[in-house]
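As written, the chain order gives the labels A, B, C and D, with residue 1 at the start of each chain.
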Amino acid sequence: MDFQIAAILFQDGVLTGAVYTMLALGFVLVFTTTRIIFASYGDLIAFSALTLHALQKGALPGTVYLLMVLAVLATVLEVVSALKQGTARRIPGILVIWLVLPILPATAALMVGGMILPAWISLVLTIALVVPIAPLLYRIIFQPIETASTLTLLIVAVVLHYAIAGLALLFFGPEGIRTAPLFRGTWDLLGFQMQAQLVVVVVTAIILATALAVFFSKTMTGKALRATAYNRDGARLVGISTRASGSVAFALAGIIAAIVGILVSSNITVYYDSGLMIGLKGFVGAVVGGFISYPVAAVGSLVVGLVESYASFFSSEYKEVIVFLSIIPVVLFRWLGARHEPEEEEEETA
Amino acid sequence: MTIADQEPIKMDARASSYMAVTGVAIAVLLALPLFLTSFNILLLNMVGIFAMATLGLVLLTGSGGVTSFAQAAFMGLGAYTSAYVTLRLGLSPWLGLAAALALVFVVTMAIGYVTLHLGGHYLPITTLAWAVAIHMLFGTLDGLGAHSGIGGLPPISIAGVAMDRPERAFYMIWVTLILFLFAASNLLRSRQGRAIAALRGGSLLAEALGISAFRTRMMLFVLAGELACVGGWLFAHTQNFISPSSFDLTNGLNILLMSVLGGVGSVLGALVGAGAVMVGRNLIQDVLPMLALDAGSLEIVVFGAIFIVLVQYSPKGLSPLLSRWLPPRPAPALPDIKHDEVLRFGRAKEHNDDAVILSVDGLEKRFGGLVAVKDLSFDVHRGTIHALIGPNGAGKSTTFDMISGLQSPTSGTVQFNGTVVTHTPARNMIARGMARTFQHVRIRPQMTLLDNVMQGAHWRLTSGFWAGILRLDRAEEAAYRKTALLALKAVGLADQALVEAGTLSLGQQRQLEIARALAADPEILLLDEPAAGLRTGEKAELAALLSRLREAGMTILLVEHDMDFVMGLVDRIVVLDFGQHLAEGLPDEIRQNSKVQEAYLGGLD
Amino acid sequence: MSLLEINDVSVNYGAISAIRNVSFTMEAGRIITVIGPNGAGKTTLLKSIAALLPYSGSVAFQGRSVDRLDVQARVRSGMVLVPESRELFTQMSVQDNLDLGAYARRDGAANIRRDLDQVYDLFPRLRERMGQAAGTLSGGERQMLALGRALMSAPRLLMLDEPSLGLAPIVVREIFRIIARLRELDVSVLLVEQNARAALQTADYGYVLETGEIAGSGPSAELLADPMLINAYLGGKKPTSATA
Amino acid sequence: MRQFTLATATLAAVMLAGPVLAEIKVGVVHSLSGPAASQGIPQRNAIELALPDEIDGEKVTVIVLDDATDPAVAVRNTQKLIDGENVDVILGPTATPSAIAMAQVATEKKVPLFPGAPVSLGDDRDYYLFNVPPPPVKWIIPTVTDMKKRGVKTVGFLGFSDAWGDVTLAALKEHAAEGGYEVVAEERYARADSSVTGQVLRLISANPDAIFLGVSGSAGVLGNVAIVDRGYEGPIYNSNGVFNADFLTLGGDALEGLHGNIGAIAIPESLPDDEPRKSVTLDFIRAYNAKYGENSADAISGFGYDAGLLLTDALKLALQKAEPGTQEFREAIVTSMRALDRVPGTHSIYTFKDPSWPWGVGDDAAFLVEVRDGKWVLSE
């Protein structure tokens, strides 16, 4: 392997790694705030790509119907729980947040259905259609079992993946899609030939990570999310609703997923069921970060991307084996580093 | 009246209804091939095969607290090994099974050795990696069909009869499964099963009882892998065809899903989960076209929705719902004990002197910058009750944990019976003669009092895995059940021996912990706040019990808050305040000590 | 109208009864203490009032039942708990912890800033360490931060669980001095303490909890002078029930 | 154990099979979900299009089951169709692993099977199998001929890391001796991969005279485009997997000059009018597009259609010999299939005369085609 090949593979690895980084951020965000290993996260990305593709073709994406059904379900659940708690005055607010807000983009999509839209409008509409799905799913699926074991939450997330992928198949058909690239070709940057796609993805990843960092350190909502992640009881004691934090975390994860979906849609062939594999790779990155630390997860994801890139050159047949087994030394290393911390014991109660 | 003959009639009734239900169930099951179509038998065969893999996971997750994504991969290892042995080497499937079991044993041991030391979420995550990697390796096996898979696997023959039709395979699979279920049930009731139960929710109790959490988890991990392996072997030789896609991550997740839906809390969950998932999906496949809905894509959506609703309704799975209706497996009858029979303290009785049994010298513990215990020294004499008292946060429990080996001191030494045990791990202390109770009671609420106490005798019993499964441990079990019952009698709980521990009051749970410690035949009892939360009457009973134990030669070191309780009972008191030795002496001296009064009642001036 | 009315509150852990039929009322502007030995159910009582534990019976705050409100809603209505374990956000800065204390408030940034200054005046040590992570503070500073964070929630009722736990005597004195000053800030305090003398010297009225039941009560001065108190802690007869 | 009562009671209630009616029952097992769904669904659609509602007054009922691309499910479905529905013939499945598994069951139960993925059990056990998509080893012949003509000595292979990659690579190697070439590089990628840069760099560094791709569908674009983007100049050949509606649109200019092997369906307009496949293909494309939307007819759906056409012909013959729902009728379908002589379909002209030979085509199964001006045309 000469230097040039190494450099090309490096670029490729960074590109893949940047995508995994964004995913890993979403995983860590959701897990720390809600203890959910969100196995169906990749499906949101697939939904985003498929929705964009449908809009670009001038078709009405099935996302619209999903969104409407979820919004109605969530609203019913919220209203019922408000009535049970005797806080009926919250109902108008509930209707706005859980019904009107999600249905707005759906209505917009219905109105423009069949038209070929300007590129930026389809991008905005895609984001507006995909983002609400995440918090709605949280409200409907996960909130009722928020105290269940991590295993149960994980399995429900896995089953959710099956269900969402099934819906995607119904809405978008079995064939894989790729959208028209937003940027194509290479840019000359300081004498280096950089793929335009790479620059766009890396810049987006940096912007997202910076925006998240600012959000977490400067805004009250961001601090509340971190507080929930660090100490759920502490958060409740200052009046932070862990459920609200969960919704916000899922909404943020939804934003990340929508953006990643748009970015990768021109780069990889997205099938209705691509979510699991895409999600798993992001998951590997999150594992490297121990599911706790954002910066470590980001670096870890980058490494996963690079490992994948070089492995595909040296041994394409064993590429995935190499990528997944690379978890083992990392986990062992992390464990050796952490072994002096006392293990949290969770005793069962009667 | 002896304790044993209190409830015999009721027990017999439960036993016979259990036998009746089990017998009818098995009879109906074995008659099924007579009136089911081949397809339905095939479906049941698959249920049986997946129930085996799920059973492994139920044991591993429900009892050992460990989750694995790799069950389908281990099924695949079993299937592929046997395929290689039969197709490439031309040997019998039985040799294939032997080779598969051996390979899975080696692989699970290796994987387990690398990863079972890991706590928390690390282990499941590594099994995910193994699952993906092993599955992908199957696709690269050129000699065994690579991604396309390979057909023509020979059927298994039993006594010359080939299990080549679903009806015949049905008996092979289900008889095997029934045996596995009974074996698993036996295992969970044996010494090893109690060790597994001790592990649930963390390894602290297990370590204190002398149980190696690592070895127990390893046993479960290997066992789960072998169960999956047998399932995979049966799968290969009844389908006659295998391909990597049958053993991919999706199927690994499916097995997890079966275990969660069935419920990881009981052996029953494996069968219920596998049955509900496979039969349920078949049902959905049948029903959807009737509703004029598109087959295929909607099936999984409908299945997903039903699954999620079920889990939301019953987060612990379906088997707990069933257990309400079905009679439980009856426990063996209580041993007979005579009215005047009492627990013997073998080791405590051996020495009849008042020499120093436990000596703490210059003990110190720091957590980061925080000094929890500082330069603490005291001696405990044989056959006495010694109290360690002090206000909340004085460092009593930390001291206790250092003595019992749960924490390592930063400096200083602990000597027990003349041997330095400062850094001896907790699980070796019980065999050396030190048994303890916990400030926050650590019992197994779903187990009977008797089984909880039997856990204390773990280190004294010898029967292993096979003895448990095959019930070769009956003589030993019977002997120690008697010991356990006597220990319960000693603390006054013998009449509730078969009650679930979770139903006891806090005071009784503390007594139960003492009984468990006594069953270990200790020389010294370490009691961490035994009187906390007890009512006045209960405290008096506890004090009387401890006095009796002292008379029987037992040495007791207790940490306590409640001076009322301590004063009339103990021989000597050490007072701790802010991790330091504040005072030491006889109870009356301590009571008069103004420094102690100040430390306790506090005050602002 | 009483500030807090506890009526017949019981808590069970499985079959174990932790507190039984506890009832008392508390007027606004007072400091009430609940004392008693370890395991008596003091913490359980506070947790159930804060909705951290399910209970039977009823809790009314400012004349309205709060039984159907969850922890967060009770905080918003002005009932704030500082638990024994403090539950600080140890990875976050002192300033962030205090900011989060005001998370549920909707009365404007100006009020919150005023209260922040007030907290920093009350605990000058915290001002010195405002950028430091809460996890790096000493035990006493942590307790101050926990109190400060709770005060940032603008509580009407502050519930303190063992504020003196694990603290050096000089710090305990400091903490209790500040608790006593809370009356001036129009905050009522429900104080659970094992350090009976310090608690009674600070509070107006005390309840003695023993094995989950109220075993006695009385004005602090009377309880403090009652020799039975020493017995309750250091052994002897049970305390008598003084009348209010 | 106590759990059995409930389990068995539920199972027994669930599993009582329905009554059998006298009608022609056609079972279809295809991957309507899972990784092979993009090939399964079009085939299912085309089968439903090809089969008439009734043949000579006998009602034709089609029962479709999804195997989720899982061989174990495919086998179960087969059993369900045979036991529960007493079908006369089965079409499917989609993927090779499922096909191997199903072929075993159908052969053992003596039910004619039209696999959607080519499969042979070998050893003269193929009596009941009628492979309508012929195997790549037949399909690849125009490519081999072309490579020989060009004097290609070394070939690089890039394929999916799945069964399709396996069978196409095997086909390429099968003809190596007679084609006079050597496979000098074998690289794989997965359908869902975002990049094949590493594989392609390695492939090109082996400096092959030609490259053959064992890929399919939209995901096949990635490999083709990457090879072109890296400046590879030699001829690039594709298997018959890439002929779907989106392939050319997605690949754009990069695919210009690309070669492939395919039947009539990809190039009906460039066929002479006397070619018997031309009208069949044009009819199919018209009918399919009318039902499932513009540009939806593709090579994959063509396979389903051909299977349906052949079966319809065979059913007509079989009805004269036996009653549907009987084993005689199943055997009659088999003998009727053997009686069909050079029936034109959308891909090939099929003949299943030889009972030991499950492939219905000879060496003329496919044409060599290439991309010109964004369209597939017949190569000269």
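We take it that a residue touches a chain if its C-beta (ideal position, glycine included) is under 8 Å from a C-beta of that chain, and two chains touch if they have at least 3 such contacts.
All figures in this text were calculated on a predicted structure; none of them were measured in a lab.
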item	value
Chain pair with more C-beta contacts, B-D versus B-C	B-D
Identity of the chain that, by mean CA position, is farthest from subunit B	D
Centre-to-centre distance between subunit C and subunit A (centres being mean Cα positions), rounded to whole Å	41
Cα-centroid distance, subunit B relative to subunit D, in whole angstrom	52
Distance between chain centroids, defined by C-alpha means - subunit A, subunit B (Å)	37
Shared-contact residues (touching 2 or more other chains) in subunit C	13-16
Per-residue multi-chain contacts in subunit D, two or more chains	32-33, 37, 41, 161
Numbers and ranges of subunit B residues touching at least 2 other chains	294, 296-297, 299-300, 445, 502-503
All chain pairs that touch each other	A-B, A-C, A-D, B-C, B-D
Residues of subunit C defined as touching subunit A within the complex	13-16, 50, 52, 68-72, 75-76, 80-83, 85, 87-92, 96, 99-101, 103-104, 149-150, 152-153
Complex contacts: residues of subunit A adjacent to subunit B	141, 144-145, 148-152, 155-156, 158-160, 162-163, 165-167, 169-170, 276, 280, 284, 287, 291, 317-318, 320-321, 324-325, 327-328, 331-332, 334-335, 343-350
Of subunit B, residues touching subunit A in the complex	61, 67, 114-115, 117-122, 124-126, 128-130, 132-133, 136-137, 140, 200-204, 249-250, 253, 256-257, 260, 264, 294, 296-301, 303-305, 307-308, 311-312, 315, 440, 442, 444-445, 501-503
Touch list for subunit D against partner subunit A, complex	32-35, 37-41, 161, 186-199, 201-202, 205, 217-219, 221-222, 244-246, 250
List of subunit C residues in touch with subunit B within their complex	13-18, 37-39, 139, 162, 164-166, 168-169, 172-173, 176-177, 194-198, 201-202, 211, 229-236, 238
